[in-house]
Amino acid sequence: MTERILAPFSTIGRRAVALAAGIGRWGMLTAETFRSLRHVDVWGRLLLQQMAKIGLDSVPIAVFIAIFTGIVLSLQASYTFTGAVPLYFVGVLVGKTMMLELGPVLTGLALSGRVGANIAAEIGTMRVTEQIDALETMAYPPVAYLVLPRVLAGIIMFPVVTALAIAVGIGSGWLTALQLLDMSTPEFVRGLTLFFEPFDVTFAFIKATSFGFVVTTIGCLFGFHTRGGAEGVGTSTTQAVVVSSMSILVLDAFWAVTLL
Amino acid sequence: MSIQMNEVYKAFGDVRVLEGFSLEVEEGETLVVLGRSGSGKSVMLKHIVGLLLPDKGNVWVDGQQISNLPTKELYLLRRKVGYVFQFAALFDSMSVAENVGMGLERMKEFSREEIRDRVEECLTLVGLEGLSDRFPAELSGGQKKRAGIARAIAIRPKYLLYDEPTTGLDPLTKAVIDRLILRMNRELGVTGVVITHDMESAYRVGDRIAMLYGGRRRFLGTPDELRSTTDGVVKGFVEGRPELLENAS
Amino acid sequence: MNRTREALVGLVIVVAAVVTAVGVLWLQGATWGRPQVEMEAVFDEVGLVRSGNAVKLRGVQVGRVREITVDPAGDLVRVRFRIDEGVTLPDQPVVVLSPESLFGDWQAEIHPRTRFPRVRFPEPREADVLPGHALPDISQLTAAADEISETMLVLTERVGIAFSEDTAENIASLIDNIEDVTTQLATLVEQQAASFTEVTDDLRQATQGIGSAANQARVTLERVDGLLARDEVESTLQDLAGLTANLRGLSAEMDGTNREFRELAAQVESTFAKVEGMLEVVEAGDGSLGRLLHDPGMAEEMEGAVTELQLLLADIRENPRRYVRLSIF
């Protein structure tokens, strides 16, 4: 009887402990990642390769998302503003929303799927096939070799991809306003510049950088702690995507609270 | 002695694998370790390069105690050790040549050409000449295994640890690999630890043979001593007679 | 990893960096080397102007505000701005700051000083610095309206007691005052799109206030109509006093809820304008109250004011959405 009552609590307790352990492991991996900066000879040559894989290869999907986001923002803004609000506010909405929220977050979420899954699967496979052990025996520190180049590439390339996405999103919103909403370029641009502050761009970069850091570290974390063959790799990959997506949303709210 | 394990204990959760295992490998000898599948041979071998650390007891390699070695020195020590993984553990994002050259590149003592020549030489030694541009996914199981051996010997290590180097190879290739192990030992003075299930290989390459049983060392002796052993467990294993094993335990 | 990919990574980074840098500069209003001259103006205070706001001449943007600093002496605000080279300024140029739209952004307009005869501009010490003035925000205007209605209250009391030369002078200055405010309001309201925020209790109260004010005005009018027959001057004046008191209370309410009721304020101001028209008649005539009450135009104007108020109220009730601003962020 008491067991039945206590069961949900012990579940909560177990979950909490697991969560704390996960955060602890993440902290340790992150600390180790920064310590590994001294092994430039190991990660230096791999950085460019990872930047291509994480950044360059993500440009198409990010741009694709941004194009449609821009179109939808533009159309929905004009729909919402019927009547009372002047139409140039479409420019305000497209610009502000792309810069402050949708540009970084949608790019982050898309990349958490693409990059996070890729990293977790790759490192997870290396773990279960003893490739990480092999690295160790060949005197390559695995964190410096596998984690650091990916994390650095994420920190560098997420803002780059996000910047492109924002520019493309605003561009597509502008074209939509021009073609479908009967707005003029000066009108749209007026809205765009009306409330623009350089901090908007800083904010977008802060978000994108933190997303890049979180997605890559979480991908590496789940990859590193993979066990149990192909199935284990699958589980890690799924978890990496879920956890990094959630972290992006939590971080997004965190930055909004602390910086705005 | 160059490699020494002292009363090593290792458990994974409830699974107790090593329970007071001890072993000394003499400088320049090739020691074969026998044991049933799942008895903990691979676990034992991983302790020697510090991939696993003992729960209790200690491991000495080249005069240094592995478990409290600073990371930096551990990595320096590992450059003297070649490890042949049971399932090859080739890096699948790299070609065979890049795999074999990895350790050399890490040492930073060799030019690009030297590395290329050394890689070709090692691949020829294991009979993989001409496959250097293939990727691991394009190799058969036995080819992978041999590429793994080439990778381990490429750095000309002082110690070579082989985890079942001949399992799954045809008799001819098996003989080639055994000869390679002997050559490494005779010509380069390499100290070797060879895990195998194959008694023929064991007698061929082993200066001494040990057997791991129940988490401890059950036998250690020359091939001749092994042939004449009266221990039912060892005899049962070597001759493949389960009934002897049952009687003994 | 082949060369092309390496180059592509570099290219993507460069493109992103350039897009960001160019975008930020553009959105901040960089002039891309178009020659500009830097100018300065001094103000008593600058309202809500910030750096980056537009500088206009005859409604055309010719530059931007760059920097706003308080003069070390402490009694002036210095605003530095840049305008395109070769723009010819009017004679005796002054800079007037005002809201550009209802949505909070301000502008600096360059005008000839003669456009603002009544405004007292601070006199800059340096020759090449322009004098400037910030127009009041709407909330300030409602405060002014409050003041006016107070004066009117006093005035109507006095009319009741004795209509003298003194009173006529009072009226003259009052009318000047009202004229000023209503002109400012009119320009402002014209510039700005109609917009309101949520329909709150405050708005409901305010509309009720207008309603009862209008009601009272109508009663007054009816009395005025019958005035020729029944000599009820005394009570008419009392009603007028009540009306203005009501208006005063109303503008106090509006002040409390301030920016949201800008258009409402403008409408009420136009009611003041009608009352002002009525008083103008007093000024134009020989000063007797009898003439005032006999003038048929006055009654019409009064009625016009009431009708307008009633229309506004009806519109607010029927189309609240027109007065509801969407909150986007």
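Labels A, B and C are assigned to the chains in the order they are written; within every chain, residues are numbered from 1.
We adopt the following convention: a contact is a pair of C-beta atoms (placed from the backbone, for glycine too) under 8 Å apart; a residue touches a chain by one contact, two chains touch by 3 or more.
Just so we're clear, the structure is a prediction, and the values are computed from it rather than from any experiment.
Taken together, the touching pairs link the chains end to end in a line with two free ends. Each chain gets a centre from the mean of its Cα atoms; the one farthest from the centre of chain B is C. Once CA atoms are averaged chain by chain and compared with the all-protein CA average, the nearest chain turns out to be A. As a whole-number value, the distance joining the C-alpha centres of chain A and chain C reads 48 Å.
Averaged C-alpha coordinates put the centre of chain A at 43 Å from the centre of chain B. One simple way to say how far apart two chains are is to compare their mean CA positions; for chain B and chain C this gives 90 Å.
Those residues of chain A lying in contact with chain B across their complex are 41, 122, 125-126, 129-131, 133-141.
Against chain A, in their complex, chain B makes its touches with residues 46, 49-51, 71, 75-76, 78-79, 81-83, 85-87, 89-93, 102-103, 106, 108, 151, 155. On the chain A side of its complex with chain C, the touching residues are 48-49, 51-52, 55-56, 59, 80-81, 83-86, 89, 92-93, 95-96, 156-157, 159-161, 163-164, 167, 192-196, 198, 201. Those residues of chain C lying in contact with chain A across their complex are 1, 5-6, 8-9, 12-13, 15-17, 19-20, 23-24, 27-29, 101, 103, 105, 193-196, 321-326, 328-329.
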